[in-house]
Amino acid sequence: MKAAIIGATGYGGAELVRILHQHDYIKQYSVYTSSQVGMKFSESYPQFNQITNEQLKEIDIDKISEEVDVVFMATPSGISNELTPKIFERGLTVIDLSGDLRFKDQDVYETWYKKKASPKDVLQKAVYGLTEINREIVKDAKLIANPGCYPTATILGLYPLLKNVKVDLDSIIIDAKSGVSGAGRKASLATSYCEVNENFRIYKVNEHQHIPEIEQALKTVNPELGPIKFNTHLVPMTRGIMATIYCKPLNKMTEKSLRDLYQDFYQNDTFVRVREEGNYPSTKEVYGSNYCDIGITYDERTGWVTIVSVIDNLMKGAAGQAVQNLNVMLGIDEGTGLYGPPLFP
Amino acid sequence: MKAAIIGATGYGGAELVRILHQHDYIKQYSVYTSSQVGMKFSESYPQFNQITNEQLKEIDIDKISEEVDVVFMATPSGISNELTPKIFERGLTVIDLSGDLRFKDQDVYETWYKKKASPKDVLQKAVYGLTEINREIVKDAKLIANPGCYPTATILGLYPLLKNVKVDLDSIIIDAKSGVSGAGRKASLATSYCEVNENFRIYKVNEHQHIPEIEQALKTVNPELGPIKFNTHLVPMTRGIMATIYCKPLNKMTEKSLRDLYQDFYQNDTFVRVREEGNYPSTKEVYGSNYCDIGITYDERTGWVTIVSVIDNLMKGAAGQAVQNLNVMLGIDEGTGLYGPPLFP
Amino acid sequence: MKAAIIGATGYGGAELVRILHQHDYIKQYSVYTSSQVGMKFSESYPQFNQITNEQLKEIDIDKISEEVDVVFMATPSGISNELTPKIFERGLTVIDLSGDLRFKDQDVYETWYKKKASPKDVLQKAVYGLTEINREIVKDAKLIANPGCYPTATILGLYPLLKNVKVDLDSIIIDAKSGVSGAGRKASLATSYCEVNENFRIYKVNEHQHIPEIEQALKTVNPELGPIKFNTHLVPMTRGIMATIYCKPLNKMTEKSLRDLYQDFYQNDTFVRVREEGNYPSTKEVYGSNYCDIGITYDERTGWVTIVSVIDNLMKGAAGQAVQNLNVMLGIDEGTGLYGPPLFP
Amino acid sequence: MKAAIIGATGYGGAELVRILHQHDYIKQYSVYTSSQVGMKFSESYPQFNQITNEQLKEIDIDKISEEVDVVFMATPSGISNELTPKIFERGLTVIDLSGDLRFKDQDVYETWYKKKASPKDVLQKAVYGLTEINREIVKDAKLIANPGCYPTATILGLYPLLKNVKVDLDSIIIDAKSGVSGAGRKASLATSYCEVNENFRIYKVNEHQHIPEIEQALKTVNPELGPIKFNTHLVPMTRGIMATIYCKPLNKMTEKSLRDLYQDFYQNDTFVRVREEGNYPSTKEVYGSNYCDIGITYDERTGWVTIVSVIDNLMKGAAGQAVQNLNVMLGIDEGTGLYGPPLFP
C-alpha cells in the first residue's frame, strides 16, 4: 500500500514521514509540495539524510491518483478545500489534517477561518477523526477530517465528564497552552527565537479558530452547550499542548467517582492514559508519542473539577492521530507505527 | 542610610543587591546568610565580581541592629517567623519577602504552610505591601509583609473589577503560570534543567499556599468571596508570571467601560500599565523590571471577562516591590532605583 | 533473550528501556537500582506509564545471573569497577556504559577518575565498543566498555583523517559542546534550570576525564600522538553533542579528497552519515537517534581542516551504541531497534 | 545634548533606547526607521509602553542634522555606506554599529561583505571603537566604527597575550558561540524558534565576515599574523557570546605570569573583568551589561593557552560599547548609563 503526503515540507508532513517510515503496512510514501519541487526531501529535513531518498514532487492530482491509495493532506487551511474534493472523487482515501473539512456548517467555517468553505456534500461525507470517540464511524470512512491539536486535547479531556455528569455548562473554562511547532514551519517574526524564548504569551484571545470545532464536538454530547471560554498561550518550547480545564458539576462528586468514570471510559484506549490520584501529566511525558495523558481532580474546597490533558501537538494532535485513523480504516492494529514510547528527557 | 539583606544568597536576595546597588538613597548594604558565611558575595554570584566586595556575614541580630536602618528578609518561609519579631523590637524597619507575615489569621498560615505562625501582635503590625492598593498605610508602616509573586499579579489584575463591578463570585478562575526562578536557588530534581526544559507542567493543583493570600486580599473588597479556583504551572523559562483570569460580570459590559475602569484605577500608578484594546502583555515585556502589565477584554460572545496580568516574579513579585515599599515608607519618589526599562529581547 | 539494566533510574538507563521496548530480539528486560527499590519504573519515569509495569529491583547479582543473559551497566563511574567482575565471572555478557572499563592502563583511570581501577584481567578482556572502529573484535566480545559520549563524537570525527593523512599532531584542537542530560539525572545547583537556561558555560577546562579516553583511542592510529587539547561547554539544551575539531594536515589537500576519504571510510556504516560539501550537521538533526553526522571542510585560506561531528549523547553516545554493540555480538542486524529517524523539530 | 538612533526597530536600536533612557547626559533621543514610519516606538517594542512616547520618523538627513548632535547608525550593513558620509559632512558626530566603516582597505570589505565599500576618505577618518584598546584616539574622534560582537570578545581576549608574549601565530584558533539576537530582528526560518531551540548549529564555516575585522585589529599588534581560524556557532539562547581561544606560546609560561599579564593590562578598565585562577565566565554572568569577562589558563600538560572571553552581544558587542565610546568622546565618565549590573538569573 502506498501513501502520498501533500504538504510534506511542513512539520506535520515531516512527522508523517517519520511515522510512515516505521509503519509495517505503508512503507512506500511519496511527498508533494507547492514550494520546493525537485528538491530532495532530506535537503529540507536533513534528519532524513540517507534514510529516505524521496524527492519533493509537484501536486499533480491525476498522477497521484494513479500511484497511491491514500492521501494525507498536511497543508495549511484553505488548500484542502479545493484539492480534497478532486482527490476524493478519484476514489482515493483522504485524511485531511487541516481545518477545512471539520465543520458540518459552512457558515461556521467561513466565519472563523475567513475562507470559502468546502462543498456541502464533501463536508457531509467527512468523518471527524477523533479516534477514541468516533472509532466506529472512522472504520467505514473514506474521508477523514483529522481533528485540530487543541480540540484533541480538550475534547478527550472533557468528553467523559460531559457524557456522564451534569455540569454547569456556563462554567466551562479551557485555558490552553501550546509549544511553537503548532504555528508551522515558516519565517515569521512572531515565532522567531528571540521573540519566543524566555517569554510566555497569550494569543488570539477569545478568537481562536479551534473554538467552534470544540463547540461542535461537545454539542454532540450535550446540545445545550453554549459558547465556550477558550484561550491559547504560546509556551517557549517546541512540542506539546496542555489544556487546563475547569468546570463545576451540578452535584457533589468524590475524587474516586470522578476517576472511575474516566478510567472506565478509556479502559480500551491504548493512547489515552488516565493518571492516578494526585498525579498530573506534563507535556514532556508524551513527547514524540501518540499518547494523550489526562489528570483529573475534584476540589472539595471549591466544588469544581480540574482536568489536565496533554498531547504532543504534532503526534496525537496531527500526524499520529492521522495514522491512527488510517489504521482503524484499514482494520489493522490501531497502534501500528505508533507504539514508540515518549522521548524523555 | 544602610540596609541589611538577610538570605542574600537566594535569587530574591541577589535581585535586592542589584537594585540597591543603583539606588540613590541606599547605596550601602550588607549581606547575611545562614549557609555560606565568610564567602564573598561575588563568589556566589559572579555577575557581581568587581561590582561589590561585600562578604556574606553570619546573622547576628544585635550586630545588625547596630549597623543598619532597614532589614530585608529574603529568607524561605519559616525563618522570618522567628527572626523578624526580634529585629522589629530593636526598632528597625523590616520588609519581609517571605509568606510568614502575610496572614492576619494564624490558623490560615498554619494550615497552608504547615509551620508555626508568627506571634499575633507582630502579625497585627505587619502591613500587606501591595503598594498600589495599600500605599496609604504603607507610608506609616514599620513592618511590611511583602506580597507573594502570584498574589501580586492576580490581585492587581482583579482588584479594579471586583471594586467596581458586580461579578458572579463563584465564576472566578485564576490560571497562573510561572518561570522557574520562583522556586528559589537550590539543588532539586524537579527544577533541574532536563526535567523542565521543553516541558510544561502543572503543580500544586488546588493546593498552592498563595490561594489563601489572594482570598484574604480580595475579601477586603468583597467579604462574600468564597474559595477561589487557582492553579499554577511551571513554564520552561527563568523569570516571569502570567495570571490568566476569567470571571463573569453579573451585568453586561462594554469593552470600553471595562478599559476605562482599569485605566482610571491605575492612572497614577507608574508601575501598572493597562494595555490598549486588543493588546495583551507577554512576560518578556516586563522582564527585569518592576512593571505589572495588564490586558483586559470583555467577550461579547460569552459574556465573560478575561484579564491577563504579567510581572517579573523577582521584581514586582519580590525584590522590586520590596524596594517600592521602602521608597514609599521613606517618602521619596516611589520609583527610586526601579525605573530601568524591561530587558528585551 | 532477557536483559538486565542496572542503574535504570538514570537517563541512560531510561533510554535503554525505550530502545529495548522496541527491540525485536530482547523484549524482556528487568530494571535494577540502588536507590528506589520497589517503586514502579513508570513512577520514576511517567512517560512509561501503561507501557511497562516493571518494578525497580534490588541489585542482587546471584538472582540477576539466574534470570538474564545480558547486563547493561548504566551506573555512574566507580560502581562497575566492583560489580562487573562479579557479573562477568558468572558467565553473563556485560555492556558497561560507565568509564570504569575503558582504560587498559589502571594508572590513567586512577589519575583522571580519582577512583580505584578495575582489576587488570577484567580490563584486558573488555573491548572498547566504538562499533564502527572495533566491529570485528566486538563480534567476539563478552565484555564491552561502551565509549563515552564526547569520545564517540570526537573519535568518529578524527579517525578517518588520522588514519589516512599526515597531520601536525600538536595542532589538533577539539572544542566540544554538550546538552545537559550528559550530567545525569540528579539534583544539582549547577544543572538547575535557572543556572543553565540562557547561559553558555565552559567547564572542566583542560581537565575532562574523557581526554585520556580520546588519547588512548587515537594513539592506536598514531602512537606518536601527544596530549590533546580538548574542552567542554554546557549548552542550554537537553540532548546533543557537537565536537568542532581543528587540525592542520602537513600536506595540501582538496575539499574533494577530504570528503572522498570520509565517505569511503564510512560507506558501510549505517549510523555514520557524512555530509555533502558546504553542509554541516546540527545536533537536532540526530535528536533521539543513533546517528553520528559528520561535516568536513578544508579551508584553502588557512590550510586547516575543520571537522564537525554531532551525536545524541544518550543514544550514539550511550544507550544506542550499547544496543548497537549488543546487536553485533548477537550477530543480528546491527541496527535492530535503532532505526527510528531523528525527532525534528 | 540630543541623539538620533537610525534603525531603531532592530534589537541594537532598542538596546540603545534602553541605555539612553537612563543616561544622565543624553536623555533626549529620537528614533528613525525605513520600515515603520509613523508608528509609536512602543508599538514595536511594548516593553517601552508609557516609558517613551517617541514616534518612528522617516530618515531625513537634513532634519536630523538640525535637531541632533550625535547619530547612532544601528542599521544592517550596506546602509551606513551611503548615509554616514552625508551625516558626517553636516558636522554631526556619528557612531556606526554596522560593519561598513570598520575596514581601512576597501577591497577587504567588498570581498567579505559583497557590497560596495564606503569612500576612502570617510574610512580614513573612522576610528575603530574598541574602547579599551583605542581609548586615546576615540577621545578625539568624530566618527566611530563600532566593533562587531565577535571581534569585541575575541580581540579583548587575545590582545594582552599577543602584545606581550611570543606565540605560534599559526596556532591561533577561535571557536566562537553566539545567542540568536546577533542575527537581528527579522522573520527568518533559520532563526525561528523550532529550528533553533534544543539545537546547536555551526554556521558560516570559515566564512564569517568578522574574520577580516579580527585579522585587521590583531595585525596592529603583530603584522606577521596570517589568516586566522575562526568559526561561529548558534546557541539556543537570546543573548551572549563566548569566544574560546586556543594558542601556543613559543616559550613556557606559568599560570601566574599569564594572569598577571591580563590583570595588569586591564587594571584600569572597569568593563573588562579578568577572572581568578580556575574561574571561567559564563555568558549569563554579563547578561544585559557592558562587561567583558575573561578567564585564562596555561595548560602545563599541553603547553597551550586557553582564553575564554564572554560579552552580551547587544551591549558590549553593540549598543553598550557605542555609548561607552560616546562617553569617551564627550569626556565624561566612561561608564555613564552603563553601570547596571548583569541580570541573573
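By written order: A, B, C and D. Residues from 1 in each chain.
Simple rule for what comes next: contacts are C-beta pairs under 8 Å (C-beta built on N, C-alpha and C of every residue); 3 or more make two chains touch, one makes a residue touch a chain.
Keep in mind that this is a model prediction, so the values were computed, not measured.
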item: Chain at maximum distance from chain A, centres defined as averaged CA atoms; value: D
item: Pair exhibiting more inter-chain C-beta contacts, A-B or B-D; value: A-B
item: Distance between chain centroids, defined by C-alpha means - chain B, chain D (Å); value: 36
item: Chain A and chain D: spacing of chain centres that average the CA atoms, whole Å; value: 46
item: Chain A and chain B: spacing of chain centres that average the CA atoms, whole Å; value: 38
item: Chain D: positions in contact with at least two other chains; value: 11, 181, 185, 194, 197-198, 236-239, 284, 287, 345
item: Residue ranges of chain C in contact with chain A within the complex; value: 11, 14, 17-18, 21-22, 45-51, 181, 185, 197-198, 238-239, 270, 273, 275, 279, 281, 284-289, 293, 339-345
item: Residues on chain D engaged by chain A in the complex (per definition of touch); value: 11, 180-181, 185-189, 191-194, 196-198, 236-238
item: Residues of chain B touching chain A in the complex; value: 170-171, 173, 175, 177, 179, 194-195, 197-203, 205-206, 226-229, 231, 233, 235-240, 242, 244, 246, 248, 280, 282-284, 287, 295, 297, 299, 301-302, 304, 306, 308, 310, 345
